[in-house]
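What follows is a pair of complexes built around chain A, which joins chain B in one and chain C in the other.
Moving on to the complex of A and B:
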């Protein structure tokens, strides 16, 4: 198992280097001269040239990429063109705020999707099933930025239950978390139902019932535990959407997380912040996916057996 | 003999398509989705005749600003006095165009690379798949943001960005599909008579494994529409004053407290369009492969 974990960690390295290269190349194509953005308006041509040399802009992209990776290994993602602050510092300041939203979104998604998916599967082809699936389909189809605005209008501007933006204690993460969580819940409900249907007619459940195990235990212990693998898989892939979706939700609620940092940086053409924000978020998503892969082994003893071999 | 073969082939093809259509027709959700999609296409086509773009869709009329929904302006008017209904209906073309063109771009890139990876195999396949892994690792919306912010805000760049971010799924599916038929006898036969590789893939292999790609394409249109409107919402999509739903929502957001209808109708339009494509996509998936129905 340790060897497998090590192997997976080593496999992460080329992917992360590739991601940095991809974002680095794409952002390098952005128009505009960074030296002009940083320098004072009355800077002379000599001063601009010196600034370009300091930033490494007079070197080729390959040189700058290698330098970027080297700096990144030392925790340096460059400095913001606007504030002059190290991008890594700003990112790490904002990351806990986004993680709070992500945890909140996952919580909302789980408490809605798991019961709804199980009920839909157990009552397949009944009104409960159809109603759950219609709700899930509407949830999948609803853009998060619209849902966020509707929630803000009702619960913040009309009822005044929650703040409409910023970070004012626990209340400020409720609406953004629900916005992100409802979309996730819709996807997870469909997956939970489908996954439960796959196992509900299995022989081992028939055996459990024949042995006199009560139906609640059959569903929750025997069926659900085996249905968890596809649910975890989809959950893993959706986590990427949660962190990506933070860009929109944080913008709507003026929430100072990493998503808003990237959006603000784009508005200011602050390339180091955009590159650093996207690269760091991608690394986190990749690591979370690895953890989820490893969770399979815990949930499914058959997979654990393969690792041991 | 040849005529008989042609006839039987034609009959067999019709029969498969007929069977899929028959299954699709029986699916109420798919039919609702199809009806909605056709309705939205009709709206997109008719709106250019029904409304004059310059005077009714983008022209400012400050005297009429912030009119609540009424018989004269069914969806009300926005902060610049423009009729929201005219803009929402006219905006259908942008969402449809971005959704469909982006998926076509994704198909062209994804299927080409996927076919090469699946057919050639070996190190070339490994390289293509590792690059695909890299693209898949970056959250879709962030990659699209990076592409649009690098190349500039325009309708074309929006479609390219959404297309590129959707392509990796097609690479994976096309590769897997091609690999399932790679060792079929008809492929060996085509190779034996000296047919060029590209022709073997395009003429013989792809038609035999195209179902998963059709399903993916139908379902992908919905997510492409959401991605595109998300980018427009962030100011990285179709530039103003074009009536794109995402950018309409974005500008309505500033007035949500007093004029919530400015955000309600464009949002509803996005949701209904995405819902329609999701319903149709699920229906097509179930009709093509009933084993997946759940």
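Moving on to the complex of A and C:
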């Protein structure tokens, strides 16, 4: 098992190198000169040239790539062109907020999607099934920025239950989590339903019922456990999505997460912030995927045997 | 069954405990009456505090911060004239100004401010692209004593004292900057000092109780970045913030509808304009440019992009600036005349033009209106909305045909005309390079006689109007939402507001 984990961690190296190369190429090809975004509009050509030299922008892409990788190996992700602050510091400041949002969103998604998915599967082709799918469809169809504003108007302004944004305590995570969670719940509900349907008609469940096991135990202990693998897979991908892609929710709720940091950096052609942000997110997502894979082993002993081989 | 009821009751209890908060959070109260002012004022803004170095930006957020934490040698009074700021001044001759700093000026770290700090500030300013152009006529400084310093210019500059009031030229601590190159510039002589800066999130300042004069009113002032306007208004209504900056005309009704809030509205100096690239055919032909100017319906642009709340603008010189020619004749919207002028210029079948602009409001809206109006004159516009980085590069390299942009600095007429029109200026978006125009601008800067100088600027405006490298469109209004009873803010048409004396009544 440890060899499997080590192998997965070693695979991260070429992934990171590839990601950095891709970012450098894309940012190089994108229109817009970072020097113009940093300097005053009144900067002379000499000042701009000096700035490009100071930032290393006058060097070729290969040189900059190698220099970046060397610095990264020392834990230095460079400094933001705009604020001048070390990218690592900025990222680590924002990461806890994004992690809180990710955990909150996935928690909301799980508490909605699993009961709903199980109910839909157990009561397939009934009103309960249709209602669950309609709820799921509504969840995936609502634009997050619209939903976020509606929740803000109701729960923050009208009822005064939660703050409208910012990062002041636990209450400020609730509305953003619900906004993201409802979107994620739709996908996870459908996955839970189809995964449960696959196992509900299995012979071992018929055997369990024949032996007199009560229906609730049959569903939750026997069926659900065997249906967990695809659910865990979707859970992992949704968690990774939230880690990197919560820009709209972060903007609506003024939530200082890494998603908005990277998007703003792209707009400002702040190459170190873009590269550093994406590299760090890649590392975290890879680790999340590794944890998901290890969870499989915990849930299904047959998979554990394969890892050990 | 009983289990289900129990579970339901637990859920209701849990929601009640988590959700129900005390106080008036979220409720629209009708009264804020109280004798005391809030100690901690929170201001919601969409602008980002990209840097805490006054010399590191010309953007409104960093300069607003500098207004609280730093001071400049001069300030501008309500009539637009330079007056004493941190220092008193005396013009010795055409090239020399003497500044005297009071002996009790201190930085917020307790160090005294002397003329060495002033000299250091301006030497450092030469190295920043945001400030070097502003002090290009400053030849050198001469320290006479710890409280007296002379500024010697290389050529006469009638806007020099006005320029010194720009917040990017705030006085820095030489010692602090040399000891800490990353944060030393944050130390100023202002009424507040910086206590927290999290880019993209919050920036906070705390009152400096050792300030020599009238101290700030609020104990702390926090700027919270709230990018989305609706969220900012909700936060204001929810009393999570006390002031909401950067609202739009469409938001005015939401503020007016809330009896606990007040809308502050005043004219801004942000001129939206269309620019040609005068080096690119067919815009190198002045007749073509004038014809296109006749195809722009500025009233429609104001209606579409500013909800009808805008003020037509003709001149490159901004409102409130010295020498503005208010009699300048605008190009009337006349599509038939535009068509015939284009035909005379060799384009009887009209033109196809790519109009580049920033994505989002109001630029894309302006582009859509212009596109629609120009069609009547046979001009087909292809709107090209791009990111700021791409548009800046495009205009810098002269790759644009026409573009929509804005100008909001009003520190001095020379700075405006020089930036927009001088051949070597980086902000010369139309790429005009006219030696006669350059000479007119240089001559106006050094003219001593005020009446002659005013006429020279009017001549420049007429000359530029005839050349038509820009089509100035409109200026609008600044809308700010505040809680009723908020006082003490010096609102600024360039959005660099002075919050040193802001007072917000405590909420009941």
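In the analysis below, the second predicted complex is superposed on the first by the 277 of 309 C-alpha atoms of A that agree within 3 Å, B and C clash if a C-alpha of one lies under 4 Å from a C-alpha of the other, contacts with A are read in each partner's own complex, and residues count from 1 in each chain.
The criterion applied here is as follows: contacts are C-beta pairs under 8 Å (C-beta built on N, C-alpha and C of every residue); 3 or more make two chains touch, one makes a residue touch a chain.
Keep in mind the model is a prediction, meaning the values are calculated, not measured.
Shared-chain residue A:83: touches chain C; no touch with chain B. Look at A:93: by the touch rule set out above, it reaches chain C but stays clear of chain B. Contacts of A:252 after superposition on the shared chain: both chain B and chain C are touched. When both complexes are overlaid on chain A, the residue A:205 reaches neither chain B nor chain C.
When the shared chain is aligned, no partner comes close enough to touch A:118: not chain B, not chain C. When the two complexes are overlaid on their common chain A, residue A:33 makes contact with chain C while staying clear of chain B.
Judged by the touch definition given at the top, the superposed model places A:153 against both chain B and chain C. Looking at the shared chain after the overlay, A:47 reaches chain C, while chain B stays out of its contact range. Applying the stated contact rule after C-alpha superposition, one finds that A:166 touches chain C and leaves chain B untouched. Taken together, the two structures place residues 30-31, 145, 149, 152-153, 157, 251-252, 267, 269 of chain A in contact with chain B in one case and with chain C in the other.
Against chain A, in their complex, chain C makes its touches with residues 18-21, 24-27, 48, 50-51, 58, 128-130, 132-133, 182, 198-201, 224-228, 230-231, 234-235, 237-238, 240, 386-390, 392-394, 396, 419, 424-427. Contacts from chain A toward chain B in the complex involve residues 14-15, 18-19, 21-23, 26-31, 137-138, 140-146, 149-150, 152-153, 157, 193-194, 197-198, 240-241, 243-245, 247-248, 251-252, 262-263, 266-267, 269, 274, 278, 281-282, 285-286.
Of all the residues in chain B, the ones that touch chain A in their complex are 29, 130-131, 133-135, 137-143, 145-147, 149-152, 222, 226, 229-230, 233-236, 246, 249, 253, 256-257, 260, 263-264, 267, 270-272, 274-275, 278-279, 282, 294. Chain contact summary for the complex, chain A toward chain C: residues 30-34, 36-37, 39-44, 47-48, 51, 82-85, 90, 93-94, 145, 149, 152-153, 155-167, 171, 174, 251-254, 256, 260-261, 264, 267-269.
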